[in-house]
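Below, chain A partners chain B and then partners chain C, in two separate complexes.
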Partner chain A sequence: MTVTESDAPAVELVGISKSFPGVLANDDVHFSVRRGEVHCLLGENGAGKSTLISILSGMQRPDSGSILVDGAPVRIRSPRDALSIGIGTVYQHSTLIPALTVLENLMLGESRRLLLDKGRARRRMGEIASMLGVEVDPDSRTGDLALGRQQQVEIASALWKGSRVLVLDEPTSMLTPQGVEELEKVLVHLKEQGTAIIFITHKLHEALAVSDRITVLRRGRTVGTISEEEIRSSDDSQIRARIVTLMFGDEAADLSDAAELQTSIEEVEALGARHVPPAAADDAEPVLELRSVTAPGDGLEPGVVDVSLTVRAGQVLGVAGIDGNGQRALAEVIAGQRRARSGTIELFGASVNRLGVSARQKLGLRYVTDDRLGEGIVRNLSVSLNLLLKRIGEPPFWRGGRIDGRRVGSTATALVGEYDIRTPTIATRAGTLSGGNIQKLLLARELSLDPKLVVFNKPTYGLDLRTTENVREIVRRLASAGAGAVLISTDLDELLELAGEIAVLSMGRIVGTVENGPDAAERIGALMIGDTGAPGAVA
Partner chain B sequence: MTGVLAAASGLFTQSFVTALIAGGVLASVPLMFTALGEAISERSGVLNIGLEGMMLVGAYTGFLGAYEAHSMWVGFLTGAVGGVAAAVLMVVLSVRMGLDQIVIGIAITLAGEGITSVLQQAQFGGAYPRLPAYPQVAIPGLESIPVLGKSLFDQPLVVYFGVVLVGAVAFMFGRTRFGLELRAAGEKPEALDAAGVSVLNTRSYATLATGALAGLGGAYLSVIATGTFTPFMTQGQGYMAIVIAMLARGRPAWVAVASFVFGISLSISTALQLTGINISTDVINMLPFAAIMLALVVFARSAYLPPALAVPYVRGAR
Partner chain C sequence: MAVATETPAAPPVAPEEAGEPARALPGWTRTLAVTTLRSLVPVVLALLAGAVLLLILGRSPVRFYSDVFRYGIQMNNWQNSAVLMAPLLLMAAALVVVFRANIWNLGYDAQYLLGAVFVVGYGPWMFAHWPTPVADVVLFLIAGTAGAIWTIVPALLRAYFGTNEIITTLMMSFIGIDVANILVKGPFQDPTVTIPQTKTIPYADMLPNIPGTRIHVGFLVAIGVVLVLHYLLTRTSFGLRLKVFGENPKAARHVGIDVRRLIVTSFLWSGFLIGLSAAVDILGLWSYVRANWNPSYGNTVIPFVFLARLNLLAVIPFVAFYAVLSTGGDLATQAVSLPTDFLLVIVALILLFMAVIEFLGRRRALGQSYLTKGLKDALRQPLFRRRKST
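Entry: the complex of A and B
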């Protein structure tokens, strides 16, 4: 058989290199995807996945290398070029505009004509919806749709001009377990119709569930591809071991990390069978108690409604829920950044309703915010000042209104070492650090002074695997040292790994609490989507 | 008590109401043009604080055009061109180079005030030549409706053009590709970029349109409303237009309504003189600004601003 056009990969990246000042983000990367295939791209944050995707989608241009579509070289200079070739990308962060209708979102950038052609857009949307096997009302406001629905609209938008290649960047990070299942169905539909799919994730079990091939990227280079035959023929643990070795290398320094990671991954995978974090002993002293607390939300985001929770010493209470269901309001009402309209909040048995942020901090309450760049750090201040941000003006760092630079410096240096914050110097502007290091900085600041109760809001969101594992270890250590923790997370795996008891937040209400156990994931998923009849739900 | 009532009923004589509405329409037209312009740029994500300066430049170039060419229409054209010229500064410095929109806007206002004053002085040396009054066009039939007829349907032609423009801008927002792209640029520019449309071009066109409309509003002031150009003649109307656009949430029909309300507050002094009630002019001149403050206090919570307003767009910035 001769090589016909259809035998060539739908898209092939050959020898792609791209450097930014000081970083070689992609170094001679080779990658290809065939029609009707899901090819998974795995790698840590900073491994070069995002750069590769932005080259493919036209947001960046490579320094060297070429892109072949159906065997013919093409130049992708802009997102428009990529779309017209039929390469559609669904980014990790939604690119939909919540204030516009679904149809308006889809028509965006569609044509160069003066008037919008809504009739044609409706027809095209019908075609794509049937191709995906979904149904979406074209006239609803996009912001009113559930996140899973919104993602379907994003996929429709990516396929609007053609369905040669679909790139999905961490598509499951915001979805419920049911949403993930729905996504997998959509992918199967698309595969059958010959679309080539590039699937980017850091969750190994997802990669194994959906992919035909898996390629691992490390430090900007493709370090290995696991073929379809290999995935079929070997068992999961072998592949997993192979992937972990590929991702983290086998250099001596990384070995222990990798082994540790692999163990933790297995723990998550095998959850229910063995390691389940302990539920708090009922006789332990309650450190935080919320009774029927109601607080306002901001804008479209709901507040909290009639929430009651108890956290005991040594306990990690998980709070699950799809993002935007009142997580921030809950965290802030506990931290004191938001006033409760009604209900009582008790710390160590005494009401703190009337106390502000700093008074609650003095009692031992700490809040690790999810808005790291916004309220977490002052970007233009140094790492050392950010580490002591909450103690400005206090002795021994300030005396008589004057800063004691040496004292600040030595404390900051110690914290940088203890929490392994990778920064050139302690005088570096905090805003220039990577996301993972900013999170470590926040943790160092919040946890350094004898915390008794810590509220974590999405503590590992957007972090790479290694930092994620560090952060989770910190949470575990904190609990075993006898402090209480509220862990608000949208990552179900994380909650199942760390929390003994998991409350589910939906539209600002606690719709149920689930003891961690073998079928916890399903029960939490059911509660998230409002199926309150689920077994084991305790209202 | 009865005295107060009598005075109040005296207020609502036919001539008073006619004068009030007619004056309100006249005074609202420059506000409406300018606020429509601001609505366009705000929805695209550009907060144009330089509106006052653009109006002044338009008033000056519009007056010059009408004066030299002896034509009201040439005046409107040169007024719009003057506004666009001032907007080019905003486009280059704020939209393209990403400098702070507030700073550049203030610079444009200050420059507009200074340059037009100096040029007027240099050209006419302290004299303020007047333009002839331009004819009003009555709409047959509608004109003879009691009270409203004379006040609403007997106006300079450009007023009717303004009404058409409100509809045109609404159509542009809702039904055209550019309108959709413009709203996207203000709501979430990175989404527009990802869809393959240039955010900078979209915002540039929107800003230029704002300049043209503010210039037209300014030209109306000099060519129609007063018939002459005097330095600082806009008297804060550019800032009022910004408030109107915000209160109307960028919706053209509401821009027209709000402009009319503020137009009435601007014209109330003329109408009050007709009734013979004497109130200090200082108090009356204060009215529009008091009205603005009152409106802000009452409606500020419902004012909607696009999320990306006043944020320069740089691809890939976080």
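Entry: the complex of A and C
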């Protein structure tokens, strides 16, 4: 890439404002990113990051303000405009079409020519792959790839037309520690080639690890920018303190949970001084026992192979692993949504192999799914019905097959209060809630009415700090109340914070189990890498 | 530091901030009004467009519509419309049961004809040997069962192999229509006539009329079934399961609904109701079946089922509207010397406008302007200026 003589930023947003009915999403936002720079945009959910990005990528038009590219004003009216200027965006949620191959997905952004030029597309893909330092099979079906792999395809797609600016919207929320490292390498590669990168996150350590500059958004406004010199000169804890103040404001100190929030941030960041959750007493009663369970996967994603594990009352068993290594199959085979091909699954000492989802649920088994929008809720049904979705037909909510509207309403109202689900009314359609509130809804549904064993699948994926901390607290309380929990997560920090024992899943097998302790992270990392062919592989 | 989490931390929930108590649906009436409007506007627009078409064809729309009104409603003609409503309502009920589950049972023609053929096939013998009410009930059940049986293959294929039921029900429909014709020309053929048709059920054994009218009691049966079914679909666990499956099949699996059973059940119900619609129609109106006869009620009723947004109570007025249009239109089209197919044009126009209104309504609901950007630009800029600019 040729570096032009002008010193103007690759992209500059000047005085951007955008309002939606009832919300001022962006209020006079100034933001710029230079060539070869990673500029991090930090802020809580609802701070206006996504709006700003959708303006930059042509999905929305600002009410006022202007966008300068290399110092010259441009009008971005559609995603096509943005792409042709060379602004590519990778969204938090996948925009790939699962049924198409990788190459076909990439070619969707091609010009409007009639004939598809596959040869050229293949070459372009090779170029970008080497630019990113990754390898993806162009002919595999996109839906069969693991999420981390899909993200690399998304990045390639964003860079397809040009690589002036790359916008990454919470790119690490679905990656493993190794995946994050890989992404960081990709970013360094891109920086060297002069691409300007906007990196959106609400994880502080990531922001500090990758960015040259950090800008904090709060309630639609830019509340502060931390320059490169500042990041270099001051030490981490100072910057952290500064960012936390910027993100949550001075008034955050007055909020009851602010102190807790701050400690939690430090706790998550500072791996050394961690509190280690207790391992379960060996004499506690086993609530769940899997013996050599094998179940098929979906498409190319592995199922589970010969998995054995035990969860005792009061224990949180963590399951670590790179995304797409059989996590969903494991969760579903326990929940009863997927049949085991062989092996036995025992709940409270009795085999449940032949029982379906609702029969297992009646025994006290709960499953908090990771596919919250896809299978967790029914968007067009009310919040109250979604809260009782797993109890359809059961007394006291249904009597003789007939719904007891008053009972449903009062229970839903109580749950909405208890779990702090922000919804206008309980009759609101569940699909209109925000991601965090949908997760709270699912937790309320699963954890109400005496759970004895709960399977959590990526329970904090994509949630903001506050909600994440709420969810983790819920897991903790659940275990201290004597229930068992299986916590499947790709967030290693989360596992180390909550689980006493951590099993590592790789290609559908449990490749090892690690007691939580000072060197747990390294040992888990080694086990994770073990099967990917790195030196020192564990058999 | 780590201290905070060692002690059982305060619950993360602030009760004061908790969700507001459930209010008694503030926008309820508004929603109803908007929905009603959105359902009625396409009908009105279709009638207006129909009027324009009539003008273009050189016919008087005023005469046509007043004829529809006269022959469809006035002078006791509403009773004919009500008779037509009976099978249409049952057909609509059958379609709502599956459509709510997002299952497309498009095999209604075969399911109807098989039901009809078995009624006329066994009816004469039964009426001759059994008391009429018993024979009626048994014939209802036979017709319903015939319709239900014809859905089993698509139902099982869909439930166990995920086979697209649109294709399988249509295929089964072609087969079923031919089977019905074979039955008419074969075992059920009336030996006393040379044209291919079944025996006729004696007039005395037909369904009795509601006292004081010429409307047979099948109309009441249909209304009753619709009301009961509406209750089942909106107030019971079965209805909710059906809806959950229809809205999000993955969620249905996740929450532990027996999806296979649900698919088969709703298919069977649908087929049964279609068979019932045939029984009511044959025993109330037709009394025999000719070969190659096919009223195809399903095709005419589908637009109205969607206009009613799969709500069975709303289905009733729409079906009534169509019954009047059809009954009055038969004569009204003749009076202006047009083929009766003109009525299908009006139905098609309703569908067209429904799609447009739905599209606009959705844009509106998303907070966008009614018109798409391209259309707006096109309207804003006169043609010649557009040419110059490009």
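Here is the rule we go by: the second predicted complex is superposed on the first by the 432 of 539 C-alpha atoms of A that agree within 3 Å, B and C clash if a C-alpha of one lies under 4 Å from a C-alpha of the other, contacts with A are read in each partner's own complex, and residues count from 1 in each chain.
Rule of thumb we're sticking to: a contact is a pair of C-beta atoms (placed from the backbone, for glycine too) under 8 Å apart; a residue touches a chain by one contact, two chains touch by 3 or more.
Every value quoted in this text rests on a predicted model; they were computed, and no experiment measured them.
Between chain B and chain C, C contacts the larger number of chain A residues. Of the two partner chains, chain B is the only one that A:Leu83 touches; chain C does not reach it.
When both complexes are overlaid on chain A, the residue A:Thr95 reaches chain B alone and has no touch with chain C. In the superposed model, A:Glu104 lies in contact with chain B only, and not with chain C.
In the superposed model, A:Asn380 makes contact with chain C only, not with chain B.
Contacts of A:Gln361 after superposition: chain C is touched, whereas chain B is not reached. With both structures placed on the common chain, the touch criterion links A:Tyr419 to chain C but leaves chain B unconnected. Of all residues in chain A, only 57-60, 78-84, 89, 91, 95-100, 104-105, 107-116, 157, 373 touch chain B in the complex they form.
Listing the residues of chain A that touch chain C in their complex gives 20-21, 256-257, 259-260, 263-264, 266-267, 273-275, 336-337, 356-359, 361, 367, 369, 371, 374-381, 384-385, 389-390, 392-393, 398, 401-403, 409, 412-413, 416-427, 469-470, 473-474, 476-477, 480. Listing the residues of chain C that touch chain A in their complex gives 1-6, 8-15, 17-23, 25-26, 235-238, 240-241, 243-244, 247-248, 250-251, 253-258, 367. The touching residues of chain B, counted against chain A in their complex, run 175-178, 180-181, 183-184, 187-188, 190-197, 315-316, 318.
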